[in-house]
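Shared between the two complexes below is subunit A, which pairs with subunit B and subunit C, respectively.
What follows is the complex of A and B.
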């Protein structure tokens, strides 16, 4: 009896029962449709997104009559002309784009050693510590974290107090561009590490030992072996950090204190402050376009295959 | 075991050849596990040494210490007479072929072979010609442009060898690179290793758990077990004069008959008592000989035992036992008989018949006689 139970565990019996139920609901002759059925939720979600985009496209072509607060019935490209000519929007766009590029570069540089150490360390305790340290900020949330930085970096904050102790006058560490960049890098680091780690795990350690025995010091091993093989990870992490930074709202809003608006903040202002949904929609569309062009550029330069998509070539 | 390899080492010293590698009292501990214990040997220039041992015996650890990937917990390794503990791998002149090859998947075969030359800043103009020469050496001429995954297992093997040799290292290390290949290819590559090694004369240390490979390719064999070197000798000596029961058991098919030592003579003759039976043999390990009255076991190779239907045919042999065939295993080039002998408590003795077509065959259940010569039985304590 006991032997029978171990030879055919409860888990399998439950699976049998579930399979029986599934067969009753979804007979075998429907089976060819199963893959499509599984795709359905994703298709629906993407479909909704497309519908929303169409709506936004529609809104972007209508101008706001500032006397009546009504939207025009006929289409015009006036909003696009405004978005492309008004200096404010150009400044905001440039600020977001430059920030996204800087943040991406800095984050990847910082994330790599972290991910490398986490993957390669022989000490399970250190690995666990690094993982927890990585996930902790996720639990805190972006807004709370940004406020935390306000407290730490503010005029009466810990950093300025510490500087005071060594005789440095209080400095303005927040509500400026570097503060926003700093906050973004700190926010993006875990994403980048999490995307780099699997790519590094996929590189056999023996390859690095081999490079060593073939005469490469660690710098050259890194340049000629680790970096090229980790490329899918860098591309993936780079795309994620780039798009997340480009479209970020909370960090520029809180750490920039209104003086360092990104595109998302400008869109927010149009929708909820000036109530010009037309212009807001236009800015949103242009942000989508900018992001798509950037990602498209990355894929064109490095190939989508580098994201380990498509069948593995190795 | 006190310096069981001493005889082999001194023979080399007498030969007067330059020593390429000296391993002196090297030990390696991994938090409590002694992976390698007090290992010592000398390897003269140009020779092919194989470290042979079962899985987990410390072979890879010893090799990695020579390559510089690990620092010995104790002892010192000398390459060309210089202590190398403080020298990182990339500053040692060592070519290594790894267990899983470790070819760079993002490079072509030629780029893999060119890599060590580039890393060692060789003149860029000479690199292509040199790469082509070494690809030709491993019979891969014209394959340089292939990516690694476009090559077969055997071809990848050859790329790895070319890559390890192209910069003319002082020492070539091989960590079971053939273990993953099927038998036919493995045997082909073993001969290939031997050919290339002889052609270039590069000092080589090969690691394997495959006794056949060790016998086929090596000038010398170091047998390891549980982190300790059991014997260092030429293949033929390792096989014919194993220094202890482990070596006798690990290499070849050996029958052991345990008993009590009755007498030991000056000339190396031993006789052991097993029940009513007295077995004559030779001392297996002169450094650690069996003592009168102590326990010992006689080791006799399966191919050194003759099998016959009646005892008269075996009258020229020193020791003859009666038994019953309990199994026959046909292995193609030989027949293996398993024979239970009543005189030694129905213990099973394995016997090879290397020419089954020419000899009388025995069936399971048949009564037979076994015989061997006293000089073929080695007695270990």
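What follows is the complex of A and C.
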């Protein structure tokens, strides 16, 4: 009699067995805790980061003995004192912070029209072009892009060669602060567009049409309707660009010509050049603190924007 | 000078000595054979090296001939010297097998590792009997490192930028026409000591009073120099970004090989002379330690040094090496006492103990 087998196929039996195993491992009475189980990977990941931070905090309190290149057994705040009093670290911190703020502002200004056009255009071809142009840089690493700028903007680069055609002598376009800012803006632009686009998509086009029908011109509609509704996108994009710029290493190292270090470069120097991991750890902790304070300020003043996943105040 | 590493057992010392003597003899005779006393050969040994012409020269001079002689493949790990250091230190601290067998390192960096106690003693290498004093790391007990050659931080320049003749002094770089056209190492290495002299100070005052050096570097900062690493100098000369640089002569020579018109001098204030070396991290299995030592021993043979250092254009530690044709009489290839008198040598110990402060000071000036 093969009918019984057909009535209860093999794959059902397998599913029953799997359900049985699942019930044994995770009984039904634990069902309310299931959502928390889903959080486990994230908790583990964050836990590892916290463990790393604890180790860094421990290292930051130990000083290097340059006669043995061993770290002290005792704790002290000598590294923090150095970090807060040596002019080098103050200069580098100030440069990083100012650059992060400038890059964030400029990137948002450039990213907004790009995102707006990408979301609102009625031409599928243009939208595809803008999307491809947006994602293409992601396939090219930051370092390669920075080296690309060396080729374009170098003394014998394309720009200087073009200038030479009209009689302009080669000029130094790279290895300075503006070049670092330029490189960072170019690197951050896709991130900002990607963060702004969902916020702009969420603004009903009808609202802009309604404003127009009530007599508002394009500028007034833009200022009073689009910009306020796009605020969550600005906040999300701003936070991402601000933190990435503040902690960047490669662009200052490559486009700065060695004289435009950011905090990350100073941390690298301590870890790998002077072997002073204690001071490097101190600078790393201070960078984490600075970034956290800035993000906290933004969240406190403006909410979390798109990062709040629809729960922002905006 | 042969001393034994106290942590090795008597048996392994004896085995090592017997086998090294046998291999040394075989090497001298150009024989390729195996010996009953030889420990098991690993499939490969890993040598950390600098890239570009540096690793090419090492491969041509030492690694290929070592493989031919022993049958052991040599893998070159191009991790930066500064970046491999914490990995090795961590491995030794955690009693793990280190990620490399041999570190090709600056003597200053290697001295840090020796002071930390993570280096194997190399005093029992037979070929140390044939090397000059340059091979011995100053201020350290025994041979935790073997210096393998010296190098000079020369003033390299484009002759077209100096139409009145080669620069005579580091002060010549203060000419306003060189603004933005100079380059130094980003931590100032190679320039601190000549700057001390150019700033009116004395070498004897190092490290106690280096204010003349900082004053001179502050003046140099107004020239807005570029700051970089070894590969940057070659690139910058090739791309016409700079007219002059304080760099290791090997980088300048590499640019010249690539068709860039470039010369170099040792200015009247002098130029820093330093050494690089080879060392073995602690924690290797005994057989791998043995073959790693054999690699370094082989690097100290005249044949290996000749090919390796022809590629780098640097003076070795084995007497009787022939300078490359383009470097005969060159100040960056010192061979006589008179040559060395024009160069500045400061002990590794002083450098190691003060390097962090000097780097910070240089950076504070240049980043300010």
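Just so it is clear, the second predicted complex is superposed on the first by the 272 of 314 C-alpha atoms of A that agree within 3 Å, B and C clash if a C-alpha of one lies under 4 Å from a C-alpha of the other, contacts with A are read in each partner's own complex, and residues count from 1 in each chain.
As a convention for this text, a residue touches a chain if its C-beta (ideal position, glycine included) is under 8 Å from a C-beta of that chain, and two chains touch if they have at least 3 such contacts.
Being a predicted model, the structure only gives us computed values, none of them experimental.
Annotation for the three-chain superposition on subunit A: subunit B and subunit C fit side by side. Of the two partner chains, subunit B is the only one that A:229 touches; subunit C does not reach it.
In the superposed model, A:274 makes contact with subunit C only, not with subunit B.
Of the two partner chains placed by the overlay, only subunit C lies in contact with A:259; subunit B stays clear of it. Set against each other, subunit B and subunit C differ in how many residues of subunit A they touch, and the higher count belongs to C.
By the touch criterion defined above, A:70 reaches subunit C but does not reach subunit B.
By the document's definition of touching, of the two partners only subunit B reaches A:212; subunit C does not.
When the two complexes are overlaid on their common chain A, residue A:172 makes contact with subunit C while staying clear of subunit B. In the superposition on chain A, A:88 makes contact with subunit C only, while subunit B stays out of contact range. In the superposed model, A:155 lies in contact with subunit C only, and not with subunit B. For the three-chain overlay built from the shared chain A, the minimum Cα spacing from subunit B to subunit C equals 47 Å.
The contact surfaces that subunit B and subunit C form on subunit A in the two complexes do not overlap at any residue.
Put simply, subunit A touches subunit C in their complex at residues 64, 66-70, 86-88, 91-92, 95, 154-156, 170, 172, 175, 257-261, 269, 271-277. Interface residues of subunit C, counted against subunit A in their complex, comprise 80, 82-83, 85-86, 112-113, 115-117, 180, 186-187, 224-228, 232, 239-241, 352-356, 359-360, 363-364, 366-368.
Taken together, the subunit A residues at the contact with subunit B in this complex read 204, 206-207, 209-217, 220, 224-225, 228-229, 313-314.
Across the complex, subunit B meets subunit A through its residues 67-69, 88-90, 92, 94-96, 98-100, 102, 104-106, 115-116, 119-120, 148-149, 163-164, 167, 173.
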